[in-house]
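Chain naming follows the written order as A, B, C and D, and within any one chain the residues start at number 1.
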Amino acid sequence: MKEALFTVGMKVRDYECDMQGIVNNAVFQNYLETARHDFLLSRDVDFADLTARGIIVIVTRAELDYKKPLRSGNHFEVTVIAEQVSRLKIAFKQTIRLQGCDELVMEAIVYAVALKDFKKPFFPEELKALL
Amino acid sequence: MKEALFTVGMKVRDYECDMQGIVNNAVFQNYLETARHDFLLSRDVDFADLTARGIIVIVTRAELDYKKPLRSGNHFEVTVIAEQVSRLKIAFKQTIRLQGCDELVMEAIVYAVALKDFKKPFFPEELKALL
Amino acid sequence: MKEALFTVGMKVRDYECDMQGIVNNAVFQNYLETARHDFLLSRDVDFADLTARGIIVIVTRAELDYKKPLRSGNHFEVTVIAEQVSRLKIAFKQTIRLQGCDELVMEAIVYAVALKDFKKPFFPEELKALL
Amino acid sequence: MKEALFTVGMKVRDYECDMQGIVNNAVFQNYLETARHDFLLSRDVDFADLTARGIIVIVTRAELDYKKPLRSGNHFEVTVIAEQVSRLKIAFKQTIRLQGCDELVMEAIVYAVALKDFKKPFFPEELKALL
């Protein structure tokens, strides 16, 4: 169902570009995180609130495929789909596409687990709300 | 040969920590890039000089395994080994370890290619110097 | 004329918050720069294009008054007014306000000059378009 | 007494440079903060520990004079002197200089206050240790 795909639009900020004149590779993880946290909010899960309550959701692995650079002025869309991939692990499948022309900029899978107070791993209700 | 392993020491900067009190996941790519560029310099290859000459080395894929969080005050070491993995592609195998206790913080493989003026992919002499 | 005030809306991104749970003080300059460059665009001046043409606009002084912290989820508005303050210097008077309640978050003045190829200071036509 | 001046050495990281090929103006506050927190540590005051104990030291004003740009490969030194400027306010006078040639890159004054749990302003013992 294409309707189910969570999508957020963003625009390159000039300070995100490095001396090559393109968005620095680390910044893409900022974009992906921002889209994930917006996705959480769309399911009534607030990352800051989780953190304040000692529910620490941390990235355990990221696979990032850089397909096209982003440049100053580019508008783009970041998508998120969540999937439970093991008893304790959730995977966020994400894409970044140039707005308008639909060109693929990045494909990524970001794996995460939740820890209670940085200790015991568990799968909180809040993550179930994402599936 | 352990002697051949390029290693650079760094320390967490407090602004790199996010609301969870640990280094944000995107920042690890900053650490990896900084170590790679230092590695290049150790082989007399200057990233800024490459860029100025139109040799654009870009990341095409990153696989990042987050093993342990980094916190304020942590000292750590980032390693780099380069390997040619196809006719045009170079892979940087990297680790981040806590200093002293040798605990593994991250394992990463970062793939890159070189483009002449953002166009034609090629394998410049400068990348050969890294192997 | 209140109509003349350039304003852009933004939202705090969670990675911009530091271990105190508020937006890190350096990030405010990212917000201010982004608003300035959007302001330039609204006057048909493209910062990346200026840079490519060797017109280097650099900040010479920033005065930043932090009135209220920003937190995860906050929506805010950044304003820009430009003023020529000497033969070669332009000043950007900027504010950041919480959206809705109009509460002042930051007042700032950012001074800038233009250099031709990092050398000779001048006052290009493009800056006149901002006044 | 020149001996009393706290100084920390750093090196530009390439991701800190923007499309102009120089360190982005916001990054200087990262450098200044890192030096301040190292200065705190040199007086046995740990910023992360303060934060964990609800002592929130926040910047209220920053005056930043950009004298010379920093570029890829530049080594530089950041200095810190602390001074109490009113009953509740501390000022950090800071400079950034190119290493070796001693050229001035930035002069800055950063004002800060301490809040107990983001509420009541006070002047904790820990700040007295900096004077």
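Side notes on the structure shown:
Just so we're on the same page, a residue touches a chain if its C-beta (ideal position, glycine included) is under 8 Å from a C-beta of that chain, and two chains touch if they have at least 3 such contacts.
What you are looking at is a predicted structure, and each value in this text was computed from that prediction instead of being measured.
Common neighbours of subunit C and subunit D under the contact rule above are A, B.
The most distant chain from subunit B, with centres taken as the mean of CA atoms, is C. Computed from the mean C-alpha positions, the centre of subunit A lies at a distance of 32 Å from the centre of subunit D.
In this assembly, the C-alpha centroid of subunit A lies 22 Å from the C-alpha centroid of subunit B.
For the pair subunit A and subunit C, the distance between C-alpha centroids works out to 27 Å.
Chain contacts: subunit A has residues 14-15, 17, 19, 21, 24, 26, 30, 33, 48, 72 touching two or more partner chains.
Residues 14-15, 17-19, 21, 24, 26, 72 of subunit C are the ones that touch subunit B when the two sit in their complex.
Within the complex formed with subunit B, the subunit D residues making contact are 13-15, 17, 21, 30, 33-34, 37, 41, 46-48, 52, 71-73. On subunit B, the positions that touch subunit A within their shared complex are 19-20, 22, 24-30, 33, 48, 51, 56, 58-66, 69, 118.
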